Every structure is written in structure tokens, then in C-alpha cells.
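Common to both upcoming complexes is chain A, partnered first by chain B, then by chain C.
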Partner chain A sequence: MTIWDRLFNIDRRWIFLLMGVVTVVPFFFKMGLPVITTEEVEGIYNHVDSLDHDNAVMIGFDYQPGTMAENQPMSEAVMRHCFARKIPVFITAFWPLGNGLAEQAITTLTDPAKPGTFQRVRYNEWREYDYGDEELPDRVTHAELVELWERDHELREDAMGWVFEGVDYVLLGYAPLFHIVLLGMGRSITSQYPSDLYGNPTEDMPIVKRNKSAREVDMGLTVSGSSTVLSWLTYARESYGMPIAFGVTAVSATDYLVYIQSGQILGQMGGLRGAAEYEVMLERDDYAVEMGRAFMGMDVQSIVHVLIVILVVLGNIAYFAGGYHRKGRRLKAGR
Partner chain B sequence: MKRTIPLLIVMVGGIMMMIQFFIPHQISQAIFGLYTDYVPVISGFALILGVGSLTRVHYHKVRRRADNWQYSLLVIVTLYLMPVFGIIIPASIGGQAEGPSVFHFLYNYVQIPIQSTMFSLLAFYIASAAFRAFRARSAMATVLMLAAIIVMMGQVPIGDFLGKWFPATGLWILRFPNLAGKRAIQLGVGFGILATNLKIIFGVERNWLGGAGK
Partner chain C sequence: MYDQIGIWVAAFFTLAIYSFLYKENPVYRFAEHAVVGISLGYSMVYVYNTVLEPRLLEPLFVRGQIALLPVLLLGLLYITRFFRSVSWLSRYPIAVVFGMAMGLSFPRTMLSMVLRQAEATVIPIYQSGYAWHDVLGSLVIIIGTLTALIYFFFSKPHKGWFFGTGSRIGIWIIMIAFGATFGFTVMGRISLLIGRVQFLLTDWLHVIQ
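Up next is the complex of A and B:
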């Protein structure tokens, strides 16, 4: 058996071992290669950057833990952008497991142990607080609430700002048959979500009072590892004109590029690369003090992609040098 | 009767939904509102059916001591344990009010790692499959292999570092040849969906009733 035969019929467990090793290496030796942004991701970023407190964004955590390595950084990046610009965020989920992932994202963005995060105030905390002589306005805005709240509370020194549940965001969570829920939200959000994930009535929340239906929402971002993104396109974009953006896994990214070219979606974050591009723009515009997890993950992806290309090249060298391209030389199945 | 009534429901419902989309009259909007309110409620009953069916299948496996019955037992235990911790005993592990509940603990430290691990295995299989599949056996296979290498390298920063043409060519492949193919496929699929929907609404296609259209 020649070296080419051995290489050609290499046990796949060696490939698995190589993959495991090169995946771990970047954790010890950071490369930090620059990530160049593409117009697909810039489309989403620029749209969010043009919004403010008078607008609203809806983020769908339409994925499950299996794809969270790729999808979670996307959700966190856009949510960070919205929090920093004080854009109210409605958070929904296509699957029950999306609830936990949405909670995790909020916890990460409001983690007091990390610099550059936000300081969260829960709904009941600010709602039931005694403001003395001052009366809480019915449709209180973020700025008004900050003014009242800061009379008795101090913002953490390294925090990027306050985030009030019910004003700056509401976690609506999962509802069965979400495509029907999307249609229903075009009529009224409270008709589909009478309460948020924690049981607080949504009709009392300033975020819902100012944005009564999904028609008043200025962007819907669906982050998903499956074709559920198309529900947003069909039922939110085409039914009542909500501008839509996608955040999808790398394997399905090519499926949805057609919707960018046709102008049906604002843009798309494809895989970890898409999230890393968004993080680069956040850091560039001072919405984040450091790069996020997606940017860090690009080192791993770089090395793994190089390994796969080397394997493909070696496989082809063995194919020709071993004479497997000639008729009669049969390929072994290999393990 | 068992077939006529479901067919009528589908026909009337389907036509009504088409009408309400193209004619936004007050009455059609009211009916549409009623529909969007009721459908999620009705679908909730599917959950009961699903849980019942899953329990029955796995209960019989456990009772008959079928092959790998232990897994079936695990399915039943976890199926009922998670709602118990989520709804009936929403207490934390240590009993503190501030601590994460047992439900959250199981979700964060069991379910998430299990699902993430399963999906991560894909990377290892893809690497092995790429080694064996991308071979220059013919002109078409060579084009496929080269396109794959360029797109792969164009997607990562090291590709940008090695040569600006990597991301530029990779994006060109994605934006033009890829889109041309995808658009053709999706148009075909779209017309297929439209034709199938019309056949179901007007009762031509009846396989969904069961019994293969008898």
C-alpha cells in the first residue's frame, strides 16, 4: 500500500481528531484578523441606526439551542444596538425553546459583571416604585422614566444606560402557530399577547401603548436556523408591510439571498460571519466597548476552513497520484 | 358525510382567506380577526393529542420491554418532569427565591448543551464528507470543488488576508450563479405550492383526508 493509498483511505477518525485540535488552538492563540463588512449586513445595521425611541423593532428568537452558537450573537448584537439607541424592542419566539434563549440574551446584555452592558430595571420594580409627588405618565417615555428613576437610583459607572422592561423591551415569548400570531399582531399586539412571558399585562405597558400593532413596528428581525424566516416574509412583510431582516445559519444563508436582491428584505446576517460583521460596526460606532463572541469565533472558523481546504487538496493529490482517476482502479469506501 | 364536511370546511375556509386578502372589507376583516384569535386556541388541542400519542407509543415499548426500552422510559419521565418543574414546582434548586429554578437549570445545563453538541457534530462530518466528496472526477465536479473552496475561503477573515479576490469572487458566486439557480427552483416550488393549494381547496386533491384519495 503506497502513501497515496493510505492517504486516500484515511480513517475518518483522524479527520475528526484534526478538526478537534484546530478548533481548540485559537482559544490559546488569538489571531484577531479584521472582518470586512458586506452590504447584506450593512443594510440591517444602517436601518436600525436610522431608528430611535419613536420607532420600534421586533426580534424573533426563532431558533433552538442547536444553532445558538451562530444565532445568539446575531440577536444579541441587534438587541445591543437597539438598547443603545433606545429603540423599543418586542421579543417573540417561534419555538418554545426560544423563550430561554431570549432570556439568556437579555441577561448577557444586562450582566453587571461585564463592562459596557446595560442596567436592567424589571417591570414591577419601576411600575410599583413610589415617585413621591410626581405622577408616572401613562405613556411614559424612556427619557421621562430615566429622569424620575435617577432621582433615587444611580447608574453603574461602566454601564451604557438604563433598560426598562415594558418601556425599552417586552419579552412576549412563544405562542403556538406563530405565523397566525404574526398575522394577528398586524391587527393588535395585545390580542395575541395579553400578557408577557412573566404574566404582566401588556396593555398597561408603555411600549405597547405607543405601538399598538405590528404595523407600527419599523423592523422585524427573524433569527432562525430553519425556514421559519419565510413566515415573517409572507405574513408580516407581504401582509402589512413590516420591513424584515433575516439572521440565518451559514448553511441556509444562500437560500435567502434572493430576497435581498428582490428588495423584500433589508438585509441578512449569514452565519457567525454575519454576526461578526454586525459586531465590528457596533464597536466602530461606540455602541460596544469590545468585540463580541462572533468576532472571536471567526478565528476558529478561519482555521477550520483552511484545514478543510487542505484536506480537499490532499484528497485530490492522492486521487491522481494513486491512480484512482484511471478506470479499473476502484475506490474503497473508507471508514 | 365524514369526507364531505371536512372538504366543505377546507373549501369555505380557503376561499374566505383568499377573499379577505384581496378585499379588505370590514366584514372580511372581522372574520379574519376571529380566525386569527381562534386558530392558536384550536391548535393547543393538538398538543394534548401529541403528548397522548407519544406517551402511548413509549408506554407500550416499556411494557413490552422492547429493544432499548430504557430510552422510552427516559422520554416519558422527562416529558412529564419538565412541566412539573416549570408549572407546579417553580422553585430554585437551593430553595432561594432569587436563584434559577430547577426548570431553568435543566434547560440551561442539560437541554442547551445536548442540542448544541448534536449540531456541532455536523462540523466534523462535513470535514470528513468534504475530503471524500470534493474530487476532480469530471469537469463539473472540478467546478463544484473550486466554487466550494473559493466560497469557503471568502467567508472567513483569513480569506480576506490571503487575497482580496477570495471574498470578492466568493460573493460574486453567491450573488449571481447561486441566485440564478435558486430563483429558478423557488419559482417552480412557488407555482407548485399554488397549484397544490388550489387542488386542496377545490377538493381535487384529497390525500390529506387519509385513505389515499379513496
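Up next is the complex of A and C:
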């Protein structure tokens, strides 16, 4: 048996082990390899950066826990950007499990144990609060509510600002046959979501009063691990012209690049790398005090890619040097 | 405390699934079945609580919105699948959903997936102010689209300068696209592994920040 034969008959579990070691070790030796931003992600970032409290964004948590590692950092990054710029956010879900992931993202962004997060005030908390002589305006804005709220409450020292449920965001959640829901929201959001995920009537919420239909929403970001992103393109963009952005897993990233070239979407975050690029821009513009999890994973990603390239090159050398390309000397399948 | 229990459960299931890399074993099987069962059970309860009850049962039976009665009856026809003699009735709700989805999606899908894409290939090769790479990009889009379409044209033999050369260029373009997709797929799979390793090292073991 030649060295090339041995190389081809190596137990695949050694490669798994090698991959595992190469994935774990770089976490202990942070190299901080640079992440260069691309036009696809900048397109989304710049659009969000051009919006403010008079606009609105809709984020679809259209994925399930299986692709959470790639998709969750994207959702969190864009939500952080919106919260920091006081852009109202409507949160929807294509699948029932998306609700839990959306709740988890909000919890992460408002975690008091972490620096640079936001301080959340739940809907009933600020709605039922006694403001004394002051009357709560019907379509209260973030700035007005902060002024009233801060008379009796103090913002946490390391917090980046207040986030009021029902004013700065609303968790609409899952609804079946979501493409029809997207169409319906073009007429009225309350017709599709009479209440939010927690049973609060949406018609009373300032965020809905100020943006009655999806036509008034200035960007729809669909974060997905499947082809559900196309529903947003087909139903929201083509029906009422909502600007759309994609956040997709790396596996499907190449499938949707054509929609950037055709000008149908603002941009696309592809895989963990896309989320890392967004995090880089957030940190650069002081919307975040530290890099997120996607950026942290990029060192590992780069090193593992180098390992895979080495293995592919080694495999090809062994293939040709071992004479496997000649007739009568074929590799056995399923090694 | 509940958070900690959740983290330990998640860590156990992560390791149980990865144990498959060594060899198939009962712990992996248990984790696999648990994931499928829990996801389904969770979704069913969630759909009942957030959709069926507030959007159908409560408006119909509590608020008396009888316009929803035909919807309920149509939905109930799905259950006839379990009774062989009347199972044909389950085709009606399926037909309604399919018909509605087709009617709603067809014009919009044609517009967004076909016409807008075709429109994006009708582009100028050169305009004043174009850099050389812009011209190259335009050429790749136009030639790539045409030759890939020629490759999938099977009514003529792939011979001669038009069909032969065109289909050969087309297959190269397709192979390059497959290569890019494979690269992204590798990246995606590694990202999933990174996500789990990050969880284990950060939330479970607390060995990194």
C-alpha cells in the first residue's frame, strides 16, 4: 500500500477530530482577522442608516433553530441598528418556531448583564403607568415617551437607550399562510394581526397607529434559512413596492445574488460572514460597544477554510500521484 | 435556574447529535427523535394558542362571527383523510388552498422571477464612464445567460459553432456557479459548527467571553 493509498483510506473520523480541534482552539487565541465589508451588506446598512423614527422596518424571523447560528446574528445586528436609530420595528415570523427566536433576540439586545444593550419597557408597564397630570398622547413618539418616563425612571448607566414595546417595536409573530398575510398587511396591519404575540391589541399601539399598513414600511428584511425569502419579494415588493433585503444562510446565498444585480433587493447578508460585516459597520459607527458573535466566529471560519483548502489540495495530489485518474484504478465509493 | 437547566439540556443535545460523527448510537437516535417530536408538539400547541383559538374559535363561538363557520367546516374536512370511505372530501380544502395560492402567486411570480430577471440581462455592454471590469461584468451576464440557456436546449444536438460552442461555454458557466455554491455551502456548514462551539464554550462552560 503506497502513501497515497493510505491517504485515501484514512478513517474519516480523524478528519472530523482535526476539524473539531481547529474550530475550538482559535477561540482561545483571538487573532481579530479583518472582515472587509461588501456592497451587498453595505446596501442594507446604508439604507437602514438613512432611516429614523419617522420610518419603519419590518423584520421577518423566517428561520428555525437549525439555522440559528447563521441567521440569529443577522437579525440581532439589524435590530440593534434600528433600536439605536429609534426606527420602529415590526417583527413577524414565517414559522411558529420563529416566535421564540424573535423573543430571544429581543432578550439578548436588552440583557442588563451585557454592556451596550438597551433597556426594555414592556407594553403594559408604560401604558398603565400613572403619569400624574400629564396625559399620554394617543400616537406617542419615542422622544415624548422617554421624556415622560424619565421623570420617575433612570436609564441604566451602560445602556444605549430605552426600547418601548408598542412604540419602538412590536412582536407580531407567526401567522399561517404568511404570503397571504404579507398581501393583507399591504392594506392594514391590524387586519392580519389584531393582537401581538402577547395578546395586546395592536390597534392601540402607537407603532401601528403611525404605520397603519405595510405600504408605509420602509424596508422589509427577511432572515431565512429557506426559500421563504422569495415570498417577500413576490408579495411585498411586487404588490406594494416595499424595499426588500435578504438575510440568508451561506448555502443559499448564491441563489439570491441575482436579485441584487437586477435591483430587486437592497442587499443581502450571506451566512455568518454577512452578519459579521454588519457587526463591523455597527461597531465602526458606535452603534455597538463590542463586536458580536458573528465577528468572533470569523477567525475560526478563516482557519477552517484554510484547513479545507489544504485537504482538498492534498486529496487531489494523492488522486493524481496515486494514478487514480487512469483507467482501471478507480476509487471505491463510500470510504 | 431555569436558564441553567435549559443550557445543560441544550449542551447535552448538541453533544448527543455530534456523537454521530464517531458512529451511530442510541444517544444520537434519542436526540434526533426528541428534536422532531418536540418541534412538532411545540408548533401544534403554538398554532392552537396563537392562530386557531384567537382567530377562529373565539371569534366564532364567543363573539358569534358566523361568517367563519364555512371556514371551520372546510378545515374540518381535512380530518376525513382518516376515514377511507369519505377521505375524498379532504381534497376540497386542499383544492381551495392550492387554487388560491396559485391565483395569487402566478402573476407576481412571473413578474418577479421571470420578467424582472430577463429585464436585468438586457443591459448596455458599454456606456461612457464604464471601467473595464464593468464591461467584463456585462459580458459575463449576457454571454453566461445565453450559453447556459443553450446548454439546456435539448431539441438540437450540441454540435457546430452555435449549439456546440455555446453549450460548452454554458457548462463552464454552470460549473463555476456550482463551485461558488459549494464554497458557500462549506462556509455555511462550518458556521453552524462555529455556532454550536461558541454556545458550548461561552454559555455552557464559560471558558471564553
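In this text, the second predicted complex is superposed on the first by the 334 of 335 C-alpha atoms of A that agree within 3 Å, B and C clash if a C-alpha of one lies under 4 Å from a C-alpha of the other, contacts with A are read in each partner's own complex, and residues count from 1 in each chain.
In this text, a residue touches a chain if its C-beta (ideal position, glycine included) is under 8 Å from a C-beta of that chain, and two chains touch if they have at least 3 such contacts.
Not measured: the values here are computed from a predicted model.
In the superposed model, A:L97 lies in contact with both chain B and chain C. In the superposition on chain A, A:A69 makes contact with both chain B and chain C.
In the superposed model, A:R215 lies in contact with neither chain B nor chain C. In the superposition on chain A, A:V181 contacts chain B only, with no contact to chain C. By the document's definition of touching, both partners, chain B and chain C, reach A:R273. Look at A:Q261: by the touch rule set out above, it reaches both chain B and chain C.
In the superposition on chain A, contact is made by A:F16 with both chain B and chain C. Contact with chain C, but none with chain B, is seen for A:L233 once the two complexes are overlaid on the shared chain. In the superposed pair of complexes, A:I308 makes contact with chain B and with chain C alike. Taken together, the two structures place residues 16, 19, 23, 64, 67-69, 97, 175-177, 180, 183, 239, 250, 254-255, 258, 261, 271, 273, 301, 304-305, 308 of chain A in contact with chain B in one case and with chain C in the other.
Listing the residues of chain A that touch chain C in their complex gives 13, 16, 19, 23-24, 27-28, 64, 67-70, 95-97, 99, 173-177, 179-180, 183, 194-195, 197, 199, 230, 233-235, 237-239, 249-251, 253-255, 258, 261-264, 270-273, 293, 296-297, 300-301, 304-305, 308. Those residues of chain A that touch chain B in the shared complex are 10, 12, 15-16, 18-20, 23, 31, 33-36, 38, 64-69, 97, 100, 104, 175-177, 180-181, 183-184, 187, 191-192, 239, 250, 254-255, 257-258, 261, 271, 273, 298-299, 301-309, 311-312, 314-316, 319-320, 325, 334.
Only residues 21-22, 39, 42-43, 46-47, 50-51, 54, 97, 100-101, 104-105, 108-109, 111-113, 116-117, 119-120, 141, 177, 180-181, 184-198, 201, 207-208 of chain C touch chain A when the two sit together in their complex. On the chain B side of its complex with chain A, the touching residues are 21, 32-33, 35-37, 39-40, 43-44, 47, 104, 107-108, 111-112, 114-116, 118-120, 123-124, 126-128, 130-132, 134-137, 145, 148-149, 152-153, 155-161, 167, 171, 174-175, 178-179, 182-183, 186.
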